Each structure stands twice: as structure tokens, then as C-alpha cells.
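Chain lettering (A, B, C and D) follows the sequence in which the chains are written, and residue indices restart at 1 in each chain.
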Amino acid sequence: MATVSGRPDVDVDLTHEQLREMYELMLLARALDERMWLLNRAGQAPFAVSGQGHEGAQAGAGFALDPSKDWLVPYYRDLTLALRFGTSPRDVMLHMLARAADPNSGGRQMPGHYSSKAHRILSGSSPIATQIPHATGIAFAAKARGEDTVVITGFGDGATSEGDFHEAMNFASIYKLGVIFLCENNGYAISVPQKKQMAVERVADYAKGYDMPGVTVDGLDAVEVYAVAKEAVDRARRGEGPTLIEAIVRRLTPHSSDDDDRTYRSAEELEDMHSSGPLRVTRNRLMEIGALSDDWEQETKERIKTLVNDATEHAEQSPLPDPGTLADHVYAKDGSRM
Amino acid sequence: MATVSGRPDVDVDLTHEQLREMYELMLLARALDERMWLLNRAGQAPFAVSGQGHEGAQAGAGFALDPSKDWLVPYYRDLTLALRFGTSPRDVMLHMLARAADPNSGGRQMPGHYSSKAHRILSGSSPIATQIPHATGIAFAAKARGEDTVVITGFGDGATSEGDFHEAMNFASIYKLGVIFLCENNGYAISVPQKKQMAVERVADYAKGYDMPGVTVDGLDAVEVYAVAKEAVDRARRGEGPTLIEAIVRRLTPHSSDDDDRTYRSAEELEDMHSSGPLRVTRNRLMEIGALSDDWEQETKERIKTLVNDATEHAEQSPLPDPGTLADHVYAKDGSRM
Amino acid sequence: MATKLLIEAIRDGLAEAMDQDERVMIIGEDVGRRGGVFRVTEGLMDTYGEMRVVDSPLAESLIVGVAIGAAANGMLPVAEIQFLDFIPPAMDQLMSEAAKLRYRSNGDWDCPIVIRTPYGGGIHGALYHSQSIEAVFTHIPGLKVVAPIDPADAKGLLTSAIYDPDPVIFLEHKKGYRSIRGEVPDNGHTVPIGKARIAREGSDLTIISYGMYLQESLAAADAYVEEHGGSIEVIDLRSLKPLDSDAILESVMKTGKALIVHEANMFGGIGGEIAAIIAEHAFAYLDGPVTRLASPDVPAMPFSPPLEQAFVRDKNDIRAAIEKLAAF
Amino acid sequence: MATKLLIEAIRDGLAEAMDQDERVMIIGEDVGRRGGVFRVTEGLMDTYGEMRVVDSPLAESLIVGVAIGAAANGMLPVAEIQFLDFIPPAMDQLMSEAAKLRYRSNGDWDCPIVIRTPYGGGIHGALYHSQSIEAVFTHIPGLKVVAPIDPADAKGLLTSAIYDPDPVIFLEHKKGYRSIRGEVPDNGHTVPIGKARIAREGSDLTIISYGMYLQESLAAADAYVEEHGGSIEVIDLRSLKPLDSDAILESVMKTGKALIVHEANMFGGIGGEIAAIIAEHAFAYLDGPVTRLASPDVPAMPFSPPLEQAFVRDKNDIRAAIEKLAAF
């Protein structure tokens, strides 16, 4: 158990070792993410989409869940969450390089579309917000069978404008389903700033229309997010219903490798944004309470580098899909679910 | 000007004469509605949908608007509002009996689909909630041209579950558009009771997700509704944005002539519901302040009866559409909006 | 075997599946206490409770989205969309999600959901309670679409659809609910998705149809043969996707003449696809132009009876088309 | 006249209309400050302000719904849906509202909106940035659908669409944006909706196509003729609804052979409708089976290059189809 000091203090039931694990997850996600961005810039992959700046929100929330039984319904920035649920660095790179062995999609989807039935990570599409009702349906099935499974779904601030978000929030609350709605608010939907996206100051305010707790939290601080998410997960597990968590994060990259955010973010804004991020904020937290050492960090970063290199090489050497498999999996080959 | 006493007292800027006009509108709507229901029961029309029980909400809100410049985007129970905006009893009956001269739809739509370009009543469809973005778009155009037009759109409690409702509320509030969102909450969407429709107790709570005023008002009392609507309209006209008004009403009939509400409302509930309605409540109000006399009421009811009879006979004698016109108006015959 | 109405056969199919398999659940507007606006699900909530027969909020995208999620987590959801006319809000969940979940996950996930929905007109339903927009779905790879009109087919296809590992849109002709009656086997009866049925055997001309217009086609064939003699084959497609093109081609290669009849709008309807398949693959066998008879390209049936009547194609229209094609 | 890219022609068409008519407004995601993710609307917000170039919230149903309302109140809105793949959330507003507003009000109201949207693949857009689902709309009475690929056609049809009193879905091939170049007239140029263009004259065989596959078809025709001689006609449909069936039939009656080529999935694509029209109305003129070449019935182009390549039909595939049909 640790009381984690900082601004503000939070009480969390994590050991120092667990806190380090959480931070390590963020470091791994960042390293993979940077590598992917690089692969795109080097012309080895036609597309990259990044979660840089979102790692704290996802790591904090992810650690509040139990990957051995809970579900993840991610969106394209949820690399950290996917790793937490069991996606491996090799899985990520096979996906990035669209190899036949990509367990997420067999090379069919753009990067960023994490999926694994074994790990209860539901495959997502590219249309925004469609996954939110899925999370709700998963939780409904669990409740119908009397299970205490919790489902977390990630989405951006832009996603809150789609009807699907509202329809799902409403249903989840009526049936008191175990869903964590994690809005990773980075202030932009591609180029559209929050003030043109919504009338409210806080995404968390949407919870008021659904008689649901709505919490805004500093998404740069994984520990704070953990504390908020833990409460929400406990509540969900007790059958008391869903929570909307708004984690304020930063999109440290352009929207995707196809975007150029200098056309809509000023130089000052870009500079200011890069002045800090979830890695620094979370690291400071852990340093303050003595959960981190420079040695550990050095070693860990080395280990991660090896992992990322291995994953990249593995993917590079892995074969591309066989064109003859194009028409596979449009429908089931055989049978019935009888 | 009148201070209208009752429970609760309200201050309204209406003369006794205007209050009587408002009540007369309700009486007319009810008489037309009952006649339509009867025509259906007598086998003269295959379908009827009723606004009985909603007249107070609509009359109150309707009197806060200026039918000479404002817009109505109705739903199928908005007979009272349509009359307020200029639809005549003959127009209503031509529509009910699906005659060629039906100005609402030329006999193409089911009864209850009021429309008139001349009166700025936008034609609606049957799918629920699709009209709400239209109201928002109308108000957007007005604002873009610097006009202070106000748009009112009516819908039920069930409609609040559709994404279109939320998407439109959000947009209207971001751009501070002159829209009155009038939710006529009768507690049911066909058979689905409010507690299975939404998590909140009050539809007005949805306004909190849009940084918009949300007011719940007794929809049986036209005067109370007027007071609330007047404030909302003034606000809208000043360019300060939309308001969500939830008027608590009663659906005094089954959902439509195809429904049998005894399958989902208990005998007690049905009886209790019929114990009072907007006509009685509004009448009591006006009686209390001396705006009504029995004589006036008697005369008015006679006049209305004549109107309704005339409208019915007129429609009955009016020809049905020519089958040769089936394919008219799929596209414009000519030209361009250049 | 007992004689049942179409609606009874569907209700029986649902009740049987609910009874035998706890994974089967129903979700839709008014499906619970009210038993559906057409009463297809009547009584089921009382028996199976509010978590297996779910009176959903008024939100079609949600209904389909929740069904997809519940299916991912082990259920076999049967969603009801109250009228096919009200399915457009759910289009994204159907086209982008249900249809593509298996493909996009390289077969890791599947989507065993059924979307039951009443369609078709002729009941004064006007523009928004009469449509036959099935072609919007038959174009989408990953979806299956069935439209049985025979009660036994309906029950058998419903059972197949519930256990099918892919999403199936199950179209129920609302005019047929209480007007079509037939023998329905009792238990465990299934009909395979993707197989047409020869509803009437013949050798001179093939009519390809489904739904209520199949009934009109059968009547027209009878009337034609009674007057002119000859022999007309009528195929009930039952499944629109996958389409049984083998059965269609086999019949047309035999008869040399094809008349396609459907209630959906002509332009871009499934009739076009069928005609194209015949025109390409039975070209050498054709003794006359592949002919279509379908609804005019008007949005939907208007409410007023003379206009509704003008929209509808009935057995006389079909008979006239047979005469013209037969005489070619 | 100047030589312009497809994307420039469209931008010019928009800018010209905005400049000349205050009723014209643009609404869509990222269309303002960013000028659209493809940069079609670049610079327009600076010139015309935030009330005429509206950066909408992320909500396609809203975008179309607001456009419908604004049109009812006197505007001529041009809505942008960022990718055709993301139009399904707006399906209800398109099918139930825009398409039926005129009809249901007996001509009292109209709906002069344009929905611009990039479609098509071949740019590693994967399953959700590559689709060609236009057949979903071409089936709906009340909608118009155009898919110009020639820059002059694009500008001319855009102007026509903006002033058309009915809703027009305006499809822009994203691979063509910066790869197709052509002469574009300067001012006031319009092209009528509903008229095809003979892109190549010929007398032995007709290819009917549109979009990027038209370009492949032209290349295939050139290659075929170079090798085998003969004469091939290629029709660029430009408008998919209304479809110029007169032009199609006239050509096929002349050549006797029809090859339909499109990027959309084969089953239920517009090619089926075209084949059906030909098979029925040019039956007596046909010297070979009406043939279709289209995308396989797989949800969409996968991301991985070998799979994307396997999905695509190119000029070699088209040439092979020409050879087969010509030899019939």
C-alpha cells in the first residue's frame, strides 16, 4: 500500500513494485509508439497513429482492472491499455507492419486497431464511438449471467458528439452495468478544438444526463487516474453501475501520420504542450515517494529497448499475408453455434 | 397583463383575452382530436394518433412564440402547436382523411404529420427524433443571417434516447441557437415506461450535458408552460441560446389507434390518469382569476363544434388523390435554385 | 405438424430457442410487457424475465450495438427493430460493425446476432411503415439477409439464423403475419440459409420472387396457366444473401425465360443483381429478355388508398408480365 | 481554361459558389481551420467566416440534419462527410429525411443540399477509408448520386449539385484527387446531372464505368485496341442516379457487347442495375453476355499491400475481360 504524495495527494492500494510496473508499462508503450512513428517516417509503413501523451490515463485506468477477467473495448490510441490486457510488443509490431501473423487483424486493419479474443480485447473499427455500445452489451451479458466482470472502453473528446456515446451511457446507467467509460480528452478531434466540439467545459458533465458519477482527472498522472478508476471499478464490480471518467491528456503528435497539426495549433501551443507529459509527471510522483531509482529506470529502459527491437525485427522478418486469403473470414466457413 | 394565481402562482404578460384565446386553442385541438379518433373508430380512417393530454404544453409554448415569423418543427402529437402556427381545422381533416387537397402531405403521410411551408411548419417523418437536428439547422441559418427567429421543436420522452436528440442539443448550444426543445413527457414510449427509457428522473437533466437551461414544468397547466416558454423564447431572441423544456403531460389515449394500452397500463393507472387533464387544469386557472365565464365557454364550444363539423364535411366531400399523381414530387420537375 | 400463421411460426421459433438455450436473448422496443407492436414476442418476458427479454430505450443503433457486444460475450441476441423503416439509425452498427467484425479480426471474433424486423406494405402504413429496403443490406459483404414467407420456412430459417455464427437480418412481411398460414413442423426444424425453394414447378418460364409478391406471383401463375396452359416455375428465394444463384440459373436454363418480381423499388433492387447473374451466366439459354416487375421508383407507399393502390403490383400486373414474356 | 487537379477543380467550384451566392455554406468535420483532411476546403473559412464554413462536432447525422434544416430556411448547404465510410451514422437523415422531404410534403418543401464525400481505395486506407458503398444510395428514390472523375466534370457537376433543388451525394475519388488532371473551364461552367459522357468512341464493345476504374478501363481499351485492333467505346457514367440509361442502351445497341466495370463490391452494386437494364431493353441486340467486373464480395480493401492488391481490379483484369467478351 502506498500513499502517493504530490499535487494532490492520493491514497492508492498499490505497492511500490506495482507502481513501478505501471510506469514500466507507460515506458514500453511510449517506446513502441515512437518506434512505430519512426517506421512510418522511414517509409516502412504507410500509416501510424499514436497514443503519445495518453499513456498515463491508460496505465492508471488499466491497473484498476483485472486483465484476467475484465474486458477492453479500445480505440486507436489505446496501445497502453492493450499492452496491459495482454497484447505483446510482437503483436503490436506485426500489426504495425501488417503481417500475416498480426493477431489483431491479420494485416487487414490500419495500425492502432488492437484486438484479441483470448485477452478479451474486442476488435474495433475506425468509425468513431461505435465501440461504446459494444462495451455496454458486453457488460449486459455479464450482468445477465450474474458475473462481476468490468468492461473499460476508451474514446476521445470528439467521440462524445456521436449519438452512440449517449445511447450507450443511457443504457449502461438504466441497467447499472459494469462499464468504465474512459474519455481521453486531448482537446482536439483532429483539428477541431473542444470549444467547437461541445458546449460544456468538462466532458464529465455528460454524466449528469445519465445519473452516473462523472469525474475529471489529470490524465498525465497515472497514479491519480488509478485512484479514480479503482473507485469506479469497485463500484462497477459491486453492481452499482457505470462511471464516466474524463482524463485530461495531451496529444503529443499530429492526429496521425497523415496530419500536420501546425496548420491548427500555434507554435506556442505546440511548445507548451511538449513541456510536460505523462511520463514526466508520473515519474516525478514515483520519485517523490521513493518508488523509483535511476538504476531501475536505466535497466528498464534497456530491457524495453531490447523488447522493441526484437518485436520490430520479428515483424520485419515475418511474411506478409497471402493474397489468396483475401476472401477468408467474410463469413464463417462452417457451421452453427448450436 | 395578468398575474395568474394557482399552484404555483405565475406572472404572465397575457391579457385575459389572450388567455381565453389560448384556452380556446386547446378546446379546438381537443375537439378535432376527438373527432379524428372517432373517424378512425368508425372505420373512416385507418389510423389516428392523438395529442389528447398534450394540449396544455403545446398551447402554453405556442403562445410564447410569434407565428408570423417563428418556426415549428413538430412531431405527431403537435396538433395544438400546428393550429397555433396557422394550420386550419380543414387542413387537419383533409390530412386525416388523406384527401388530394391535404396541404400537409397531399394524403401521402399518415395523420399527425403536419406541414406547411407558408406557415413555417417543417414537414416531419415518422422516425423518432430526426426533426430535432432540422430545428437546429433552421435556427443556424437564421443566426447566420442575423435574424432573431426562434424555432420550436416538439418530441416525446422516448425521443431523448436517440442520438439525434443529443447531437442537436450539443450543436444548438455551441452556437447559441434560438431553439426551444420541447419535450412532451407523457411517461411512455408506446409501452416502455420512463424508468426503462432513461436513467434520470427528469428529462430536463439532459440540459446539464449541454450547458443549457433545462426546466421541468407541469404540462397540464398552459399558463405555467407559457411562463417558462416565454422566458426561453426571450432568451433565444436575445441570441443567448437554446432551452430544454420538459413539460409533464399525460397521454390520455393509447399510443395510436393500433395500440391497446390496457396491456401495459393497469386499470388504476388508467383511471387515475383520466382524473384530470390539461383542459381541466387550465380551465381552473383561468376561472380562478376570472378570465373565463361559463357563457363564453358554452359559446366557444358551440363555435368549435361548427368548425369541426365543417372541416369534417369539407374533407369528406373533397376528392381522394388521383392515382396518376403517384410519381409526382420524387424530384423537382424543373430546374435550379440558381 | 400443425397449421399456423406466419406470426405464430415466428413466435414459436423464438420461444423454442429461448427455452432450449440460455444464451438466446431478445432486445428491442416494446418487446417486453407489450410483446412487440405486432405481438411477436408476446408472453416471452413473463417467462424469461427482463434480462432475457429487454425493453430497450428508443435507440436502434444502441439495440444493434448492444446485441453485438452481448454476442461477443457469449449470448445469441435476437434484436427486434420495430419496423424496417426504422433501421437506418442502426446502419453504422450493421454495416461497419456487425458485417465486418469477423473479417477485420481475421476470424478471431464473430457476430452471431439476428435482427428481426417487419417490412413491406399494403397495410396503410404509409411512407414510413411500408418500406422494403433490403437491397441496402444485400449489398454489404458480411451480412446475411433472409425473407421467408412460408410459415415453416420462417420458423426453420429463424432457428438457423439464431445459431448462425454471422449476423442475419430476418425480414418478416407484416402483411403476411396474419394472412399467411401453413403447416409448421414442431421441434428442431431448420431450413438452411442460402437455399431457395421451388414453390411451383414448371418448364416454360421462371418467376423469381419472395415475400408477399411471391404469393401474388403464385396466383398469377395459376391464373395464367388456367387460361393459356403451359407450365410456369416459381422460385421462392427465401434467402436474399447468400442468394441461391445455382437454383435460379438451373431453372432459367431449363425455361429460357426469367421474370423477377419484388416489392422493393426497382432501381437498384435485388432484382437487378438477379437479372445480371442470369444475363451473364445463362445468356446462351435465354429465349426472351430477363424481365423485372417491381415497385415504381417512388419513396414508398403513400397513405391514401388510391395512391397506395397505384404503388402496389398485384397478380394482374404479374400476369400481364407473364403474358408479355411468354409471347416473346 | 487551365489544367487542374481533380481536387483543385472541386475547390474552385466551391470557392466560386461561395463567392457568388451568400446562401452557399459548408459544414463538416475539420473543414474550417484545417481546410478538410484532404484540403478541399482550404482557405475558405478565412475568407467566408465561421458561420459559412462550419467546423462541426464529430456527428454525421447532425451534419446532414443541420444541412436539411438550414436548406429549409433558405441556405444552400454543402455538407462534407470526411470519408464515405463514415456516412452510415447519417443514413437516417439521408434516407428518411433528405430523400423524402419533397415527396412527403407533396412538393411543398424541398431539400437542396449537397453531401460531398471522398470514396474509393487504393491508398492504403484499409477497411474504413476505402469503401465504395454508393449502391446503398442509388437505390433510394429522392436522392441523386454523382461520381465525376474528370476535373471539368467535377467542377461542372458540383455547381449543378449546389443549385439542384434535390439532395445530391457528390462522390470524390480520393485516389483521383491528386492524380487526375484535366482542362477546367473558368467560370459558370455546369454539367447536367443525369447525363453520361462518351469518354472514348467505339463500335465493337461498350465499357460502362465511372471513377478510378474508368481510368483503368480507358487504359485497358487502349491496350486492347493496340494489340487486337477493333474499336471500343467507353462510357463515363458521371451520374449514377439518375442513370443515363438512354446513353447506355444506345451504345450497347450499337456495339452488342457490354462490360460494366466498377470499384464497388459486385453483389448488389450499381452494375447489377445497369446489366438488368441492358438485358431487358437491349436483349435483341446482344452479341454476348452482359459482363461485370467489380470488386470481390469482401467487406473492403484490407490494409496490407498484398491483400489490397488482391482486392483491386486493374487495367490488366479489364483487358482480360474485354478479350473474353470480344471473343464471344
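A few points about this structure:
Here, contacts are C-beta pairs under 8 Å (C-beta built on N, C-alpha and C of every residue); 3 or more make two chains touch, one makes a residue touch a chain.
As the structure is a computational prediction, the values presented were derived from the model and not from experiment.
Chain centres were defined as the mean of their Cα atoms; on that basis the chain farthest from subunit C turns out to be A.
The chain pair with the larger count of C-beta pairs in contact, out of B-D and A-D, is B-D. Computed centre separation for the pair subunit A/subunit B is 45 angstrom, with centres defined by C-alpha atoms.
Measuring from the averaged C-alpha position of subunit C to that of subunit D gives a distance of 30 Å.
Between subunit B and subunit D the centroid-to-centroid distance comes to 41 Å (mean Cα coordinates, whole Å). Per-chain Cα centroids separate subunit A from subunit D by 37 Å.
Counting partners per residue, subunit A has 105-109, 125, 127, 161-164, 167, 170, 174, 196-198, 330 as the residues that reach two or more other chains.
For subunit C, the set of residues touching two or more other chains reads 56-57, 59, 61-62, 85, 88-89, 92, 96, 100, 103-104, 127-128, 141-142, 297-299.
Interface residues of subunit C facing subunit A in the complex, by the touch rule stated above, are 25, 51-52, 54, 56-57, 59, 61-62, 64-77, 89, 92-93, 96-97, 100-110, 112, 141-142, 144, 160, 163-166.
On subunit B, the positions that touch subunit A within their shared complex are 161-167, 170, 173-174, 195-201, 205-206, 208-212. Across the interface of their complex, subunit A is touched by residues 29-30, 32-35, 37, 55-59, 61-62, 85-86, 88-89, 124-129, 296-299, 302-307, 309-311 of subunit D. Here subunit A touches subunit C in the complex through residues 71, 73, 102-109, 113, 115-117, 122-123, 125, 127, 130, 132-145, 149, 163-164, 167-168, 170-171, 174, 328-332, 335-338, going by the rule given at the top. On the subunit A side of its complex with subunit D, the touching residues are 46-47, 98-100, 105-110, 125-129, 158-159, 161-164, 189-192, 196-198, 258-259, 263-264, 320-327, 330.
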